Amino acid sequence: MIIQLKQDITESQKDSLIAEVNQIGYKITEVKTQLGDYLVGIGKKDFDIRQIGKKEGIEDIHIVSDEYKLVSKKWKAKPTSIDLGNGIFIKDGDMAVIAGPCSIESEDQIRKVIAHLKENNIKMMRGGVFKPRSSPYAFRGLGIDGLKLWYDLAKEAGIKIVTEVMQVSQIEEMYPYVDIYQVGARNTQNFNLLDELGKVDKAVMIKRGISGTIEELLQSAEYVFSGGNEKLILCERGIRTYERASRNTLDLNAVPILKAKSHLPVIVDPSHGIGIRAYVPQMALSGVMSGADGIIYETHEIPEKAYSDGQQTLDFAQSSLLAEQIRKTFALRKTFALL
Amino acid sequence: MIIQLKQDITESQKDSLIAEVNQIGYKITEVKTQLGDYLVGIGKKDFDIRQIGKKEGIEDIHIVSDEYKLVSKKWKAKPTSIDLGNGIFIKDGDMAVIAGPCSIESEDQIRKVIAHLKENNIKMMRGGVFKPRSSPYAFRGLGIDGLKLWYDLAKEAGIKIVTEVMQVSQIEEMYPYVDIYQVGARNTQNFNLLDELGKVDKAVMIKRGISGTIEELLQSAEYVFSGGNEKLILCERGIRTYERASRNTLDLNAVPILKAKSHLPVIVDPSHGIGIRAYVPQMALSGVMSGADGIIYETHEIPEKAYSDGQQTLDFAQSSLLAEQIRKTFALRKTFALL
Amino acid sequence: MIIQLKQDITESQKDSLIAEVNQIGYKITEVKTQLGDYLVGIGKKDFDIRQIGKKEGIEDIHIVSDEYKLVSKKWKAKPTSIDLGNGIFIKDGDMAVIAGPCSIESEDQIRKVIAHLKENNIKMMRGGVFKPRSSPYAFRGLGIDGLKLWYDLAKEAGIKIVTEVMQVSQIEEMYPYVDIYQVGARNTQNFNLLDELGKVDKAVMIKRGISGTIEELLQSAEYVFSGGNEKLILCERGIRTYERASRNTLDLNAVPILKAKSHLPVIVDPSHGIGIRAYVPQMALSGVMSGADGIIYETHEIPEKAYSDGQQTLDFAQSSLLAEQIRKTFALRKTFALL
Amino acid sequence: MIIQLKQDITESQKDSLIAEVNQIGYKITEVKTQLGDYLVGIGKKDFDIRQIGKKEGIEDIHIVSDEYKLVSKKWKAKPTSIDLGNGIFIKDGDMAVIAGPCSIESEDQIRKVIAHLKENNIKMMRGGVFKPRSSPYAFRGLGIDGLKLWYDLAKEAGIKIVTEVMQVSQIEEMYPYVDIYQVGARNTQNFNLLDELGKVDKAVMIKRGISGTIEELLQSAEYVFSGGNEKLILCERGIRTYERASRNTLDLNAVPILKAKSHLPVIVDPSHGIGIRAYVPQMALSGVMSGADGIIYETHEIPEKAYSDGQQTLDFAQSSLLAEQIRKTFALRKTFALL
């Protein structure tokens, strides 16, 4: 059950409301975001909702049978729009393009990528400064200094920054320089990190876990939302299966399912999803047709020399071509009556 | 190693050739199809191919390092085109649409589906008369009588028949009535069935196994080809993973990978791939963008009343819309420079 | 619902019974095995079983809510015992040991294996004469002649034969020479093969599918039972997962679960289950402790020279040691109060 | 390459050594643990190890081709023994038994569990005070106060504490009260947490990831070791597969493989591994026979009333029986010549 409270509800009205809901047998969690105040009730399902709904101070009330509540479309049918400023959005009915290298490597590299993005009218740039690596001996990124350098150049160019946050202590130091905090596939169920990201007023993009279910992805989003942050984006990036011919198995089924279950925007990462440069464009365009609200892919001036993930990274010529194809495919999709 | 023989090679030339290849340490399998004669050599890889290539009676010779040989693009770069007669093809650079019910149920049902296909200019009809079912107590199909009934109506309408063959003994009885033998996902590694389908001169569509790898699918195709039948089609239909929100996980990564590894046409089955009616269109269109040469999906006048698979079956209105969207998406894809 | 009929039920009593059950809304399948006559009813679940149970000609009646019926422990709590003659059994409360090579290769090889088995008091021998192989160019076994040769030697030695049947047409030709027909992991859902094995009066051992569920394995067994053959053995042999450090993932969880759900004996194949010779003994003994009724493993005089599966095959010294350890472990297990 | 340095190596000797190794093309990471100083070299493999080995200040040098180095048996054949004080060890050739509730709930609950453990001569107690939960609305544990309470009671009873650490900030506050830090299956690749646990001088038990590979588990252990902490324990707790009849798929194959690849002790968690109370004992005993150095399982006075995981938790009677069976099975295993 989700109860959306009126802005002017009094404390005593709220206390009385909570007491009554508790009595029915529901446990209440109070959620306060930048956009609204909610009571989330967890409990048994059969009671007359009108019994509560007529109480004072209530804006709206919904029964939500899903395990996740606040991110469910059963509560909020209207799609969530992520406003990054300067007219840049990630939202339903639009097609966000996010491109950039796996790792931020140098000022020169950043400049070249930014120039490439501007030429192709791409407004959001991805790149890692904190890199999760299976081996402790691998390159772990330029860290916060790399982010600051990137920020200066990106700001000047009007480009938004999407980058991974790996631990709680990084949230604050990254804050001035980041537009979208990315939660990586190995951290999808790092619940402490999700809790803390709930306290931030910047957008958070949560990647599906390496073998995470669709349900778990939504519950991870629920963590951030219930922590106070509604600016959430979901990302399908491939799952681990027995198949060895591709790096991961891009699960595009997840896109229409997530769009139907949740009001949050969904983007697709074809680079990690297949892991083979030559086939990234096909999977990106498939992602567009699956109903995604955006595509995030890796590009680098010379992929063979990239510090990481070169085998799945497009060069600039391929990237330019793909950006155009994404837009044309999306334009066609808009003419279709899909879900 | 694949040695394509000249039509006019003499027996003694062939014997001499085989003897020499054996001596190098390769084991030879002779393959005779309707289109050509081949020697497939299995053995160690390092010898000078010119040593063999200059012998008499040889059309062409290739080293193929893959486990599969005759279905590999390393041997035959030119895509295989499946000619079903009456100007109907399944081939690279084209978009085959195959639609129909899960199970053939009655004359009335067949008539209605055929009328729907004709209205939408769909030339190939799917349907099961022998149904593999997990439970022995479930509906197992109308059998050969259902196929004969279907054949009479389809022939009159100029519609080609795609239907599953479950065992060796059915091949012959089905032969007069079928245009494409379908090998189902539970029979992808039924090697005796594949062997016997190698002796037939009709097309065979092999579905990927329920948890089959891309490599295994190609090896299963190699069985049929090496048995003598080059008319092969591969079909991605979703694989089994841990995810429970969809029936299967449609692995569209497989499409560009199969197209790159093999000269055989590849089609996508979004109905089994996601298993949820409302999302079949998105996955079908994603399949088109992934580079597939065709789409096979389930449709029925009243899906809720279908004998099987109703939950993933489109009604005729949805099917008409999808057929049009597939064609528009394919038209756009043709303007792109993809792999 | 399962209705076990009395031996002396009259045709008119049976017809009346079926009519009444049909009227309640259950569809009836008549099953006649060597041991009994049954009516299996599929339908909705809520009616008073006494309404039927008091009719004449009924031995016993049970509601079975599982998808599988005749193999369910909900119907038959007493474990099924497989009697192979000469005092050799596969049954609950006992520990069957089955050993032998992956492939039957030659008379000399058979003689050596049989001598090894006799020395170690092992009474059942495994071996393949029809070999399912991913590649059409691999060794496919000695065929029926190999089986006849094996039979002559095994009969003389009092050793029972366990060997794979790959297709319907082999059932009859193998019949005189085989004690247990093995259905391989690629044929677990070859429903035609299962149907036909239902007509045979020899034991059938069904291996779990390469990525088959426990539920599917039981439904496959239901096929054979409902076809008329109650002499069934289930075999856990590892499933396909993402893990690459072992050939398969031996799922010993399946053993207590199968034993709890079904009255059929369950055996474990550690050779395929892990695929690495050095670790087969540990997994065999784990299998014993998981509650298995038997262990089937691969052994060969010189594993490195085996035609197939050498990497997971024990030599005779390892096999002797393991056979003894299996018995000691089972002796300890018998002193425990496990499920 | 791993170079173990002598205690008395001079700075200039070390600098010279590093310079020379760098020149060959290896990148060096210096590792200093409580037990030794190491240089870990990552690079190409073909050079004459004697060229380096004869330099001054070197205790030992090894080429290790695995991705993980310091946890590899190729470097250190002698098994690592974890000494918890008071004569309590986790080590090869021994059988550690760790039991306790999923969650620490109350003083009364702790007292009862401790009494049960003492009666059964169990010296290590598991229990969660920080609980990772898929849903933000679920019980998240008693936190640090629960740990302090537990510590007071456990210390008095001579019982060691095994409990999960979820984030970096908890390491220090937990330090005085914990004997073994457990890294949960959702944090196996939380690299920041692993880095920080490398700085601690208490034992760390790393659970295999929910769909983690054996290789990844070893690389995660490498993080902690290379951070400075050699006191490591690996734990197999089941992996995520398509099978739905059990909570996870306990992968006992992992035990002999981990024992062969690494010098670290390996323990098995049958409670999470199967997730069904009635079958936990069989899987625990299977784990013993697979070669594990210990078993960790869940027990509670009244499992049905446990705050979490009740369905897989043994009551005290079952636990007493299991502890005895584990010891008897281990006693038998010791008489066998296994890997």
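For clarity, chains are labelled A, B, C and D in written order, and residue numbers in each chain start from 1.
Quick note on the criterion: a contact is a pair of C-beta atoms (placed from the backbone, for glycine too) under 8 Å apart; a residue touches a chain by one contact, two chains touch by 3 or more.
The UniProt protein names, listed by chain, are A, B, C, D = 3-deoxy-7-phosphoheptulonate synthase.
Predicted model, so just to flag it, every value in this text is computed and none were measured.
Peer 1: Of the pairs B-D and A-B, which shows more C-beta pairs in contact?
Peer 2: Here the pair linked by more C-beta pairs in contact is A-B.
Peer 1: Work out which of A-B, B-C or A-C repeats the contact pattern of C-D, with more than half of the residue-numbered contact pairs in common.
Peer 2: Equivalent contacts to C-D are found in A-B.
Peer 1: Taking each chain's centre as its mean C-alpha position, how far apart are chain A and chain D in Å?
Peer 2: 33
Peer 1: In whole angstrom, what separates the CA-based centres of chain B and chain D?
Peer 2: 49
Peer 1: Quick one: chain A and chain B, Cα centre-to-centre, how many Å?
Peer 2: Chain A and chain B have C-alpha centres separated by 38 Å.
Peer 1: Which positions in chain A are in touch with at least two other chains?
Peer 2: Touching at least two other chains: 211, 240-242, 244.
Peer 1: Can you list the chain D residues touching chain A in their complex?
Peer 2: Residues 27, 29, 40, 42, 67-69, 132-137, 166-169, 186-187, 189-195, 209-211, 216, 219, 222-223, 226-227, 240.
Peer 1: Chain B touches which residues of chain D in the complex?
Peer 2: Listed in rising order, the residues are 211, 240-242, 244.
Peer 1: Note which residues of chain A are touching chain B in the complex, please.
Peer 2: It comes out as residues 211, 213-215, 239, 241-246, 249-257, 260, 273-274, 276, 278-279, 281-283, 285-291, 321, 325, 328-329, 332-333, 335-339.
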